[in-house]
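Right, one structure below, let's go through it.
Each chain gets a letter, A, B, C, D, E and F, in the order it is written, and its residues are counted from 1.
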């Protein structure tokens, strides 16, 4: 495949293993304990991490904290307008799925004991969508979570270090037979296989979700996709570290 | 009252008849036919105008167009997080009220016949709230509506000039006995009277909504509030005209 | 305008500043602590004030009472049948808006401290609608509220006089260019401007809500509308006082 | 049992086989094609019959009409206030059950073919409840239905005589071991057996619904209950005939 | 009628007073405290009785237990697929009605005091439907309830004997003028009168629900239907006793 | 790891790469075009495939068919009773996720063109749950889908062979550091990694979903899990082929 793919041209001119330009701006909101705007190509997600003292009823008295997440798209994030889920009176399966995925991903790097009985809710609202909204949400959510944890630390509300590592996510897929990194919407909508890989900063898997949408895939292609995702997640991890260290709260890739 | 009010100090140092800094950025979204980000002090509203061919069923075959609006706040727009209306499964009375107000305000400057059988839905999503979100939504919505109308004009889909004028809105109120313009959240939450005035660019009223929330008010105080609103709406009208003319789609006050 | 309007004929023969016949019958219900049937022309609203000891959770322990309201129309109150909101599974924006308006209007004349930790819920159910249902609801709601307060007083459950005044409401509007008082449905549906004025018995404003629905309006027309509303509200205040004093609980205008 | 029951005293002094005072006022509403207010003791139900041309989708083109019904209680119809079903967002099983019962009862005396492709929706809204609301609803519903049918006849919209008879309903029950007719709320809430009998004007059964709520019952007691119901329904049938013939649309028992 | 009915042939060859084959298999589920699969002809209902310590809030501290029930059909229980009620977002009136009927029927044979503050929820889920699902649910529910009570007894959680008797149910009806027992779906859908009789093991009535669906019925026909139901319920009572005594938890009729 | 794992004992005595006993009974329902009961250990899922002519609105006229799925659990499928989703008025994220997964898995082996404009809805209702309900649902769903396709074939309603292969699914996971096949509930609830692999009969991936729930995992462990799943899916494929060929519609593993 290495020969044949050399000649493949992506619609935005990227190479097969290249991320779109990504930028993160921390402290985008004044009220939230942690927040950032993450932009990956034309995809733009506003992430807010809200801290509340105490935990849900089923967890009270355990000494353990809780982290959860909600994801939603603005109606005109997409090419054509979608009805609001609040108006339709029910939340779509897709929205549920992604909200749960973000929450699980963040919880993979949280030490509940060190967090103490505090709850952090991370809202990821897609202002504009061009593929990869769930993975951008996770990558940005880690940054907002980090800042919310710092906010708790400054108040002396922590029982230790709640963050056991960092977490990021990226999509990979097979388009017209060719494996590639970070699918934009036009690629995603014609992909044979679509995969989202959530990984820690040390490269271990948190979540592996691959779906055949036209052609099934074998073990070898899976390996190639995991290689691409690994490259992408390492670059995103680097970006996360830079933006957290940045004096002006901004960094880009 | 002119003497006594000279000594009143607003929390952000403004004079009683002074607007907060306002800026409008057009084309903030890539997909929407019209859009802008309007910022008034710390209040930030993302407005998107979406065009669809055709009109709702009850209006088909009439030759007339339709304009409507939906308003919503992101969960962490405010000081403390609010549950999403989509999760609660019902839309609050406040959200309904404001959505209807924005829609009526825009329809006041629309000639349905010239619009032809096209529908424009204007979404106003509050990214951050610090008072005056409904009036900022209306002021921004006019700009997004204008651009959506231009988009239709370029396609040759109009039967004339649908915009019969411009529309803007501002809040006024009585705080500790003193009438003032453009209340921020800390002022609004302690106001005796809270009023929202929607006006056309020529200064005529579209909507007058005043509510006593602690002390009732008489005819003279009402007059003073209308004077303040008139000043604010004239300045906002000027800003709207400048941003529509601006080559870079940006203007501020 | 005075000359030209002389020749205007209203569909029911009223003069421009004349209310429709209004009657109030107190104690229309046997169970409710306060209740009345208010009829204004063909509009008929059944109002019930229900007292419960205690206040909503967010107000407990404050020593303060609470007053709220819910408004709804029976399905065949109108010319053609409307689906029930309970069947549609959601409450319309209009119903929300009016419920909130009635509640705010009543709270404007309530001293929460004197009410003590008691809650009064005022239900306004429109049995038949012919314009002005929200204003008739407010005018009747004050009477039912008054009786519920008396009921509490007789039980020794009050910490003082909770009613700081009376409140009534009336609609005014501009129909075919002519300002007039108390619009019936056929007038309301063709009005250029529709306005509802809620005022205390002393003539101060509680709520001013004017909406341009076809033509905008200027300061002078606004003044004329406020004059008409003032006349209407004074007459309604007089009726409220008479019905409260009436041995048989009935009075009319 | 006849000896022993002689000494039983009902709370309102009635004999065991005596109905409460019942009155029916036709044309209580101005807009509805048929309507009445039916009062049975303190129970008061407002019934409206609404005619629309055409039938539900599943019945179109059949040449047959349709009759259906919706029942609901105002929140303060009862001793203590109930939350509105529209606010709770769901309709109770009880409301569903009674709505369906009224609909079935009316359809038992309707010839769909003669009705033609017209729909009649009968709304029964309980303004005040003191037991027997469902049976009063049915008895009143027949009168409203009759007037709606007359309205159609006058317009020449009927294909024959849609009413094949009349229908009325009454409750019977066993209270402290004693069978009695037309239970008021205080009797109903302590009844061992509660039964509702819907019958045609000729005395045939349309619906027989008996429920043991504390003690079960045998064939003999069932027979006694059916006798009582027969007496009640005959009197109600007579009242229906009188009110339909009454020049002033009023009759009482 | 006895002559004419001799020649009636039922679609499955049964005589007019004959039940379909019925079988009950106890302990069909591993987790539930009581459960059975009841099959009546092609109708198959899975019943589970779940015990929880404690009672609903409104009953706490009373020393009394509670029994309730929920009924639902799988989407493809019927000839053509029905949408799930969970997807439609609302429960049909029919489902509500039947759930309530099952609950009332079971409560007729429960001594709340002996049950103590325990709650038993009986779920009846129709896996396949061919008429008589509500009556089969009740007959099976008694068996599951019995086993749940035994489970409580073994734990020493009872304050006496909560079951005051047994309860079963069967349908009867008039099809083409002929009274018959235990209607299958094809009979039920063409019946003139449809009746469900819930009775105790001693033959007393718990619930009598008869509905005319095309032709009304008189006292004599009612008597004939009650005779048929009595025969059916006696046979079902016998089956219940046998299955409860059966070493392998199985019995059939 | 191979040495250390030799000594691991699973709660039910299985070896690490051993499936639980699985049995499939086809034609479990009389009405559905395809159906089966699949049992895997104590997990029991009833699957029904329903055929309807035509396709959803958005697909009409395309000549293509459609396959979709809905998954739900009975309230007492689990150790303790869960509230019904129909009563709670909303479907959980988990139910949505699994319904979508089953649908995607089936669509991976469907040729829409050959199916023609027919829709097959596959309902998977969990009667009893002990881990692996989503994978058992997929494995059984293929069998029911196969029979529904045969039903269409017999009617001459197909435009070719819609099934391009078979599909099955199995769970794998890492429990206390040890990779194992087909987790029962007690294993699943303590797993560090939980993975579901959907594969075609030829061993290609349709869906790969792995989630770290306590410890993250690396590439080598992922490989080991995929090996185990491959073994499981091959055995399930064999079972599917046998049950489809079985004269009595039954087969087990």
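The rule is simple: a residue touches a chain if its C-beta (ideal position, glycine included) is under 8 Å from a C-beta of that chain, and two chains touch if they have at least 3 such contacts.
The structure displayed is predicted, hence computed values, not measured ones.
**Student:** Quick one: which chains contact chain C and chain F both?
**Tutor:** Both chain C and chain F are touched by no common chain, going by the contact rule given at the top.
**Student:** Provide the labels of all chains in contact with chain C and in contact with chain D.
**Tutor:** Output, common partners of chain C and chain D: nil, no chain qualifies.
**Student:** Distance-wise, how many Å sit between the C-alpha centres of chain A and chain E, to the nearest whole number?
**Tutor:** Chain centres of chain A and chain E, defined by C-alpha means, are spaced 52 Å apart.
**Student:** Using mean C-alpha positions as chain centres, tell me how far chain E is from chain F in Å, no decimals.
**Tutor:** Computed value for the inter-centroid distance: 33 Å.
**Student:** So what's the Cα centroid distance for chain A and chain F, whole Å?
**Tutor:** From the centre of chain A to the centre of chain F is 28 Å.
**Student:** What parts of chain E, by residue number, touch at least two of the other chains?
**Tutor:** Answer for chain E, listing residues that touch two or more other chains: 89-91.
**Student:** Which of the residues in chain B come into contact with chain C in the complex?
**Tutor:** Residues of chain B touching chain C: 90-93, 96-97, 99-100, 104, 108, 195, 199-200, 203-213, 216-219, 222, 226.
**Student:** How about chain F: which of its residues touch chain E in the complex?
**Tutor:** Going through chain F, the ones touching chain E are 29-32, 35, 42, 46, 48, 50, 52, 70, 72, 74-81, 84-87, 89-91, 95, 121, 123, 125, 127-128, 130.
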